[in-house]
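One chain, subunit A, links the two complexes that follow: it is found with subunit B in the first and with subunit C in the second.
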Partner chain A sequence: MKVQYQPQPQNSLNTFILFFIIHSIQVGIGVQGFQRIIFFEAKQDAWISVVLAGIFTHLVVMVMIKTLQLYGPADIYGIHDEVYGKWIGKFVNSIYIIYCLWVFMTILMNYIEVMQTWVFQTVPTWLFSASILLLVIYGVTGGIRVIVGACFFSVILSVWMLGLIGYPFRFLDYSHLLPVMESNITSILKGTYKMTLTIIGFEILYVIYPFLKEKGKVTKFAHLGIAGTNVLYLLLMLLTIVYFSPGQLENTIWATLSLFKVIKLPFIERTEYVAVSFWLLIILPNLMLYLWSAHQGVKRTFKLKSNGLVWFFSLIIFLGSLFIDTRIKINQFNDFFASIAFYLTFCYPFLLYILALIKKKMTTLKEK
Partner chain B sequence: MFFNKKLFLPKINLPSMDKDLIPATRELMSAEFKKRLQDSADILESEIGISGITLFSISTLIDKTMLHQDIIDPIKNKSFDSVQKIKEDLSIGEMEESTQMEKVVNSALDGNVIIYLEGNSSVLLVKIPSQVGRSVTFAQNESLVIGPQMAFTESLKTNLTLIRNYIKDISLCIEEIKVGARTNKTVSLIYINGIVSEQMVGTLRKRIQELKIDGILDSSMLEQLLSENSLSIFPQTALTERPDRVSDSLLKGKLAIFVDGSSLAIVCPQSFMEFFHSMEDSNVNWQIATFLRLLRFTALFLSVFFTSIYVAALTFHYEIIPQTLLFTLSESRAKVPFPPLIEALLLEFIIELLREAGARLPVKVGQTMGIVGGIVIGTAAVQAGFTSNILIIIISLGALSSFVTPSYTMGNVIRILRFPLIILAGFWGFYGIMYGFCFLLLHLLRQTSLGTPYLAPFYPPRLADWKDSIIRLPLSFTNKRPNQTRAEDVYKYDPVKAKKHK
Partner chain C sequence: MRKKGWLWCGFLSFLLLCGCAEPKVIEEIGLITASGYDPGKNGTILGTLVELKIDPVATNDVVILETESSTIRGIRNAANKKTSKGLASGQLRVILYGEGMFNKGNTGIAESLSTDPVISDLTYLAMADGKARDILQLKAKQIPDIGIHLYNLINQNTKVKIMPSATLQEVLHNHFTVGKDPVLPILKKEGNKEIAFSGVAIFKGSNLVGKISTEQSFYLTLLTDKFKSGSIDIEINSDSSKLEPINRRLNKIVASLDSIGSSSDIKLINKEKVEFDLNVNLTARLLEITSQISLGNPENIKLIEKEINKSMKKEIEKLIAYFQSKESDVVGLGEVYKSSVRHSKLTDEKWYKMLKEAKVNVNLDFTIRRTGLIE
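Let's turn to the complex of A and B:
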């Protein structure tokens, strides 16, 4: 397998769309209720955890881009193959593919749980997962352009939600933020660690990099996308801390959705019903991008190329979704996943970069 | 895929391919001509003059007055020894000599008179087609308040004349392609060379040439055959009856297709947004045009989603309706025995019935429809407790909005889209509506029109083209042709010069 990957010209994308890709894949299911988890660790300093997590993300993305630039238009599957050799490379690629499907599963399960809690208590899980999977398959089989189009519209069409978030502003109590830095550094860092599930997604850069037209602009738009997400998260975190009292927040699982609850317009109340349903459009690009990158992985690693694969993956996820049906199971699933995701998305890029550097050095030495 | 592989083979006993020569004697010629045209009753064979000139033609396809005045009159009293001599005596523009029998027969089908002179190896073909058809009239389906009122007719020649009158440019290209094994229709492909993308012309030309069909009767049929995804409900090319619209599209770098005998032109590539543009938008001030376009997009949203939101809210999400509004709603629904889904579907169905009946009825009985629809169904249904007043308002608002769409084909699509959305809303509430919306979004993202993205200029985002999409900025701002047409000549006019003249 070649390290470099050159997609067909009709599939290449303008680089500025990377902003929408990264922003839309990062903002997904986690944003509905990340505040409480971090608040448990860092109390009123939770916003510092969010800032730290954001800074750390910028750092990781920088390393990622550096790694990709070592080989020109390469993706993670090619780099693995180059760094680890044929067989271990295939093994590591398989792990990455499974990871992508795992994220898919996590997003899907959490969304279904939200739907069942807030809107339809009695509708069974399989109905939701089957219907959403069909939608995802329809998008993924359309190719990368359709997926990225969905990312774009998902961001553009959800901007109105940000306007509604401003509604609780009249009920704020800024004293909730004080005293600053009461929690110790360990708790704040623990809070940062807990941000993993909410902030991941930018690793899509590893797969989508060859598809971008102007490689020089990648750094700019990747960081812009992440910055956009960070600002959004920080805003939400601050708003949540000052809106809810500490005791209230500890009992609010989906704080963002609860913020929607207070919105009262002359023709509509309880906007969270609309918001929860609308979230389908927000998670749709996440699901499609992860399924696509798993598909891309199999295509690159095992030279299989068929849309049947998309159906196969979906079937596995569908069957998997049947087993995880209670809140406790979903929580366990999330926690287990978060620890893996932390190592894979936040620590692994550094390791891969060092390995790739060494490999590159060795090959150049050999050639001499 | 499976269907496409069954290639269509025309089972027609076409005249044998050996292009045999013109028979030497009059009797042979007559026999051959009649044989090839299946001894048709309307074959006209007449011997005139003193030198044995014989005219062959299909009497139903030629202009009798011209035949008498311009052909028979000048030659009946003279003697000729060759076809060339006859040619000199006739005062008709379209004349041609031919030595091949096949061509002779085909030209007879095109409205030619064949002048045969015994002893000559060639015949003279004189074109005097009969003029059947109507004159240019007002545009009926795409009427404007401000702007030209002419519409295309069924005559290809008239239509091309109209276009030529709008664009007096040497680089306007008109290509002719014959389509249909039996109907043998002339299809004209029109574009402006130097603006249009060569690649698109090539693709479209190939697509038309590769059509294997016994006959097309109208351009709307050709449109369906040419569309890239025939399973999609959305039209991928535009049909228009307005010459100014076609000219405007040509100037943007698009292609137009005319079919002989059809009063509609096909324009492609066409994006989803452009179905909501009217020619009037360019004829009025930009502020007004922007307002009208925003109005149309609001109407689009209302007509597709309004009824389903009502159904979803009343079936599952009572909580989202504010108290004061809920009171009015429940009061008006108190007597209704059906669930909202059935109620909405019933009323939508009635509205569709009214619309379809209105379209099929003769104009004279049309007024009855208004009375039946408005008074009998509208008022009586509410008083009988079949539907609620509020639903009637919502549904008629949706129906009204769907008629705002300037394109009739797109208006139909919008009306039909409501039904699956209402059903989804009835089953799954807001989740169902969102599901339908996401599906529509993905579906639209997957469509292409002549290889260009259907959702242009929104996706892929071309900010420069947003100036003339959901809004319309002043004409002086839009000096570029839309990116979607991949025009070879990007600028409509020189932006620097235009600034100087401000």
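Let's turn to the complex of A and C:
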């Protein structure tokens, strides 16, 4: 397998779209209730954790782009093959593919749970997962351009939600934020660690990089996308801390959705129902992109070219989703996943960069 | 292309299937608009639900259902047995507690209601003077729907800040905060035809510890909220010879103020011996005063300002002393303490002890903006 990967010209994308891709894949299921998890660790300084996590993400993305630039238009599957050799490379690629499917599963499970608790108590899990999966399959078999279109519209069409932030303002109590820095550094860092599940998604850059037309602009738009997400998270975190009292927040599983509960419009009294249902549009690009990158991985690693693969993956996920159906199971699944995701998305890029550098040095030395 | 066609068929069929998710037709459900909770027999809860039926044929749309159960949800389920339409609580607007509910400590009603995503966070909570069922059972010609009547009554009074705002969100917010306690407005049945706002219930944690009158409620709002427009009659006790009662009918001087604007600010000035500075700024229009004093004279205005300032300050100090004696922190002094002292590790118990010894200096700044059309 060659490191370089040159997609067909009709599949290449304008680089500015990277902003939408990264933003839409980062914002998804975690944003519905990340506040509480971080608040448990860092208390009223949770917003500092969010800022730190954001800064760290910028750092990781910088390293990721550096790694990719070593080889020209490469993706993670090619780099693995190059760095680890044929067999170990295949093994590591398989892990990455499984990771992508795993994220897919987590997003799907959590969204279905939210739907069932908030709006449709009686609709069975299989119906939700089957209908969402069909939608995702439609996107993924349609190719990267369809998926990217979904990303673009997902961001554009959900901007109105930001406009509703003004409603909770009459209940705000700014003294909740004081005193600043009361938690110690360890708890704040622990909070940062807990941000993992919410902030991941930017690793898509590893797979989508060869598809982008102007490689020079990648850095700019990747960082812009992440900065957009960070600002959104910070805003939500601050709003949540001043809106809920500490004890209340610890009892609220989906704080962002609960914020919608005080919005009362003349024509819709209960906006949270709209928000929860609308969330499908926000998680759809997430699901599509992860399934696509898993599919892309199999295509690159094992030279399989078939849309049947997409159906196969979907079937596995569908069957899996039937078994994880209670809050406790989902929580265990999330926690287990978060620890893996942390090492894979936040720590591994540094390792990969160092390995790739060494490998590159060695080959140039050999050639001499 | 053929493949895509198949996909669309499958997708559409699922869309249709999703459309079958438990429809709720408005004619087929009974909307609960208000609910009341009283202590029942053997520790159960006696629930009174006001059900609104959308039925074009019926002459009376409102049905009152009464059931007893151990849990809040159980009340609804039990009430469902008595009604021809399935009950839905998505339109619940007012939750009324009987006074008896608070005699045995934590009721947990608000908490358990908030776990149900169907209940809105903007639902109003209130306490009944006596039993909640007596208020909800009230039958009067001018009140066709008691649920909506209560909602409008509370909503209207809360908006002009005559009543303290007590939505589910605010009560739970204060309940879960260390250093702030919730309040509930008290509704009282007057005669056989009327319901009126009659005072404010003061809590310590979730225990009812005291009540203040509607007049005192004005001062509470002054401390915890901002007035944009409000009005009050205030009694002036003055020795000044200029301020003499207008006639013999009323042997005291009362000033009527409106267009009240206010802002307040609480500061912790001593961390060891807990001491607060409570600064209140108040401006108002003087509309009426039961004295023959000439309002054209600036000196007289100054005098009235001074006298009103004095009596208001006295009222506020009295109110705070009352809260301290009841160990209830509805003003939120504890929150100020917590946010100004680092690593205070404040707990409820610790704070209630400190609150009793805390010193509060009230500084009131009252200005008369204008005096209406005449001088």
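In this section, the second predicted complex is superposed on the first by the 368 of 368 C-alpha atoms of A that agree within 3 Å, B and C clash if a C-alpha of one lies under 4 Å from a C-alpha of the other, contacts with A are read in each partner's own complex, and residues count from 1 in each chain.
What we mean here is this: contacts are C-beta pairs under 8 Å (C-beta built on N, C-alpha and C of every residue); 3 or more make two chains touch, one makes a residue touch a chain.
This one's a predicted model, so the numbers in the text were calculated from it and none came from an experiment.
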item: First (subunit B), second (subunit C), both or neither touched by A:90; value: neither
item: First (subunit B), second (subunit C), both or neither touched by A:244; value: second
item: First, second, both or neither for A:138, with subunit B first and subunit C second; value: both
item: Subunit B versus subunit C as contact partner of A:130, first or second or both or neither; value: second
item: First, second, both or neither for A:220, with subunit B first and subunit C second; value: neither
item: First, second, both or neither for A:122, with subunit B first and subunit C second; value: second
item: Which of subunit B and subunit C A:359 touches, first, second, both or neither; value: neither
item: Partner chain(s) touched by A:299 [first = subunit B, second = subunit C, both, neither]; value: neither
item: First, second, both or neither for A:280, with subunit B first and subunit C second; value: first
item: Where subunit A meets both subunit C and subunit B, residue numbers; value: 119-120, 123, 131, 135, 138, 264, 269-270
item: Subunit C residues touching subunit A - in the complex, by the definition given at the top; value: 3, 7-8, 10-11, 14-15, 17-18, 21-22, 90, 111, 117, 120-122, 169-170, 172-178, 180, 335-336, 338-343
item: Touch list for subunit A against partner subunit B, complex; value: 14, 17, 115, 119-120, 123, 131, 135, 138-139, 142, 145-146, 149-150, 152-153, 264-271, 273-274, 276-278, 280-281, 284
item: Of subunit B, residues touching subunit A in the complex; value: 316-317, 319-322, 325, 428-431, 433-435, 437-439, 441-443, 445-446, 453, 455, 458-461
item: Residues on subunit A engaged by subunit C in the complex (per definition of touch); value: 117-123, 127, 130-131, 134-135, 137-138, 141, 171, 173, 175-179, 182, 244-248, 251, 258, 261-262, 264, 269-270, 272, 307
